[in-house]
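Note that the chains are named A, B, C and D in the order they appear, and that numbering of residues resets to 1 at the start of each chain.
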Amino acid sequence: MNRAVRVLVWNEHRHEQKNPKVAGIYPEGIHGEIASALREGGLEVRTATLDEPDHGLTQDNLDWADVIMWWGHLAHGEVADEAVSRVVERVLGGTGFVALHSAHFSKPFKRLMGTSCDLKWREGDDHERIWVVAPAHPIAEGLGETIEVGPEEMYGEFFDVPPPDELVFVSWFTGGEVFRSGAAYTRGRGRIFYFRPGHETYPTYRHPDVRRVLVNAARWAAPTDGPKPVFGNAKPLEGR
Amino acid sequence: MNRAVRVLVWNEHRHEQKNPKVAGIYPEGIHGEIASALREGGLEVRTATLDEPDHGLTQDNLDWADVIMWWGHLAHGEVADEAVSRVVERVLGGTGFVALHSAHFSKPFKRLMGTSCDLKWREGDDHERIWVVAPAHPIAEGLGETIEVGPEEMYGEFFDVPPPDELVFVSWFTGGEVFRSGAAYTRGRGRIFYFRPGHETYPTYRHPDVRRVLVNAARWAAPTDGPKPVFGNAKPLEGR
Amino acid sequence: MNRAVRVLVWNEHRHEQKNPKVAGIYPEGIHGEIASALREGGLEVRTATLDEPDHGLTQDNLDWADVIMWWGHLAHGEVADEAVSRVVERVLGGTGFVALHSAHFSKPFKRLMGTSCDLKWREGDDHERIWVVAPAHPIAEGLGETIEVGPEEMYGEFFDVPPPDELVFVSWFTGGEVFRSGAAYTRGRGRIFYFRPGHETYPTYRHPDVRRVLVNAARWAAPTDGPKPVFGNAKPLEGR
Amino acid sequence: MNRAVRVLVWNEHRHEQKNPKVAGIYPEGIHGEIASALREGGLEVRTATLDEPDHGLTQDNLDWADVIMWWGHLAHGEVADEAVSRVVERVLGGTGFVALHSAHFSKPFKRLMGTSCDLKWREGDDHERIWVVAPAHPIAEGLGETIEVGPEEMYGEFFDVPPPDELVFVSWFTGGEVFRSGAAYTRGRGRIFYFRPGHETYPTYRHPDVRRVLVNAARWAAPTDGPKPVFGNAKPLEGR
């Protein structure tokens, strides 16, 4: 791909309107912060939020996007099933999908995974340290051996997702848990990455290493111009 | 598991009633033939079909079964979504699931995979030869290097499923196609196996090697008594 | 397999002779403790140690064994290359191999992995907690969600092994590290499992859950009667 | 990586000198043909051959290369073990490695895989058709659903390599065999790709799709600037 990768950053955008603490951390919204990280990394960005018409998941936005990056938490159930189907179909057709933090429970991610996507969690006084367990993976580019995320919500195993095609990160939490916090999947013609950090009450998306991962993940998830499978009735081939 | 593995063989059971050729090949129904293979292998079997109350997917049958083996083709859409949800929940909770042939398009399999599960196909004059590409896998026990299935419907790549956790078989077809015809997955606490052969107009489920795979797959997919994950809010642990 | 699985427990057996603390913990040697765990689990056991003729890796023992379980640390370099080759050839031919703790640096394991198998380590005051991340895996049978190993040597990422075919366990350590501590591989006709705990100065192999894993791993690694691949020049097949 | 990827194309270069047919097909040597494909794709290339001092695997060439692409067949045994060790160490340290055709039996590939790398083969009248089974993979970029390789030597399963981290291609042969002909691995900080076609008596490396794969594979295998793991004794970390 010779042009810049295009990312549609989707955010539920409810915490920011309800909770002054969150609004204080992310005055432009979580999507605004993520968008700034991606733009700094040289990517093109549009944003979309739940309360826009069609949740902002318009035909025009979906046609434009190479990658959809998704943050949601409070209102997964408010995302229309029809919009979810459009997103899932796009991803299987090649559009990248990056699910962030509590988007483990978002409808598109759950549909694409086929599992409950459930986990343990705790809002406490944990420190999160992310270990890179796949140093050759493009999503680890530019990182050191760890990301010292700092104070964060804990997510713990068992994380009920399919065994990742590639496991890139594992998190350590003070309270005694571990978590597969960077999980890469291929589904159809699309690439999917789950990245754990980003609870709304911590300024995690301003962390330079976390921002680097967002950029790397978007680049990695962008589609390549591979074969478009043809399905259905097929004639025998030559060369028998 | 010290007792015999219990398999609930589910069959749509429509071809047998509509097409005399199929009824001639499988006078006891496809489910009857599969059941006989499993019983010969020492497993306990119940059968269930689409037109029974609750499609035969009753609470009692689901409580009883270690493994559900599924054949369907004409009437995937008639399987009630509520029944599908019960099956999927069971599988994620530990019940094995073996999808046979055209069950690639069955609702439970598609939900568990999260992809379109589409493929190429041809009813022609193909010979199918299955190659074992994972000779150490329990599902290949007792087989030689190939299964000479004989005349069969062709299924060809691209098969739109997640990359298998373990790829056990690859098929060769006369007409020039290949197919990942034995694909093993773990999802939640459950094990899932897709096995390609078994078009209704061929006596494939009487083939000794195919019968052996049915038995092996059921044994492999039967649940083990592993941890039952606890989800939700979690306290910090000792040992910090 | 209808008879009991046969395990050849191999131990370097040097720490026990040099260090009274280790001798106090394992008066019958580390191999003796492991053997007792396996026998309790219903397996048949022989033991072999470095200083026996042929390191105890005799033709007779290798012919007898379904699985080789290996502990070594101080004297990897003293294991003769010729013996290593025999072990590796056996494993590719179907014999299971379970590498324990510091056997990550043993010659057979390194040859089978093809990587440096290096890692971080610390003898300090760490607590190790093992999390099951594959609750459906046979090696997790009978376990809860965690194994509270207790005080142990720390091993930390990056662990330079191939991405596991199946990742079963991840360890948490007090000092801030994580480790992929249960890693399952298939190589040729053989199954290989690496299991982290077991530093010689802690009574880890008396821990009931650790003993359970030893038994499970041996059962899982035991060979199945799958196809014996034929290599070399091959004639075209029928059915074209 | 902002500069062009640098590929060291290594060729045994013996067939070309012994067999006029091969010399006629590849007047510049197999390495010359591969080099031309890579240069057309915008990569930088150096070549090296067995009979050069140090087999051309000099410190300078290894320091320069992002990726080593390897073709060998007749003289695997003549490659000095010391040179093999240098190559393997480089690959684990991040240099990409692409093994072509009969390089399945090359020393570096076998060392990196840890298995016998054996297979079935036939020089006959087979047609090879390669099916893309991972349409989203970067190595499939620009391809259609198949590569019609044409007449080629047959390689058949069982191919005794580790289960690929990513299976990209599966070959169909007229004579009835299949083969996992595009297999991607990560080892240490390095990426490894095995690509099947390229028997010396066929002009396979002039096939546009095959050339495209060579370019894609080199780009994919080129190192990313990820963390350089630190091994050995480690202090506890902050944030406990």
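Everything below uses one rule, namely that contacts are C-beta pairs under 8 Å (C-beta built on N, C-alpha and C of every residue); 3 or more make two chains touch, one makes a residue touch a chain.
Just so it is clear, the structure is predicted and the values come from calculations on it, not from any experiment.
For the pairs A-D and A-C, the larger set of C-beta contacts lies at A-D.
Among the remaining chains, C is positioned farthest from subunit A, on the basis of C-alpha centroids. For B-D, the equivalent interface within A-C, A-B or B-C is the one where over half of the contact pairs agree by residue number, namely A-C. In this assembly, the C-alpha centroid of subunit A lies 33 Å from the C-alpha centroid of subunit D. Separating the centre of subunit A from that of subunit C, both taken as means of CA atoms, is a distance of 37 Å. For subunit A, residues touching at least two other chains, in rising order: 129, 132, 134-135, 145, 156-158, 163, 165-166, 174, 176-177, 186, 188, 227, 229-230, 237-240.
Put simply, subunit D touches subunit C in their complex at residues 92, 111-116, 118-122, 124, 126, 154, 156-158, 160, 162-163, 165, 174-177, 185-188, 227, 229-240.
Residue ranges on subunit A touching subunit C, taken from their complex, read 129, 131-135, 145, 156-159, 163, 166-167, 170-172, 176-178, 180, 240. Across the complex, subunit A is touched by residues 94, 127, 129, 132, 134-138, 140-146, 148, 150, 165-166, 174, 186, 188-191, 223-230, 237-240 of subunit D.
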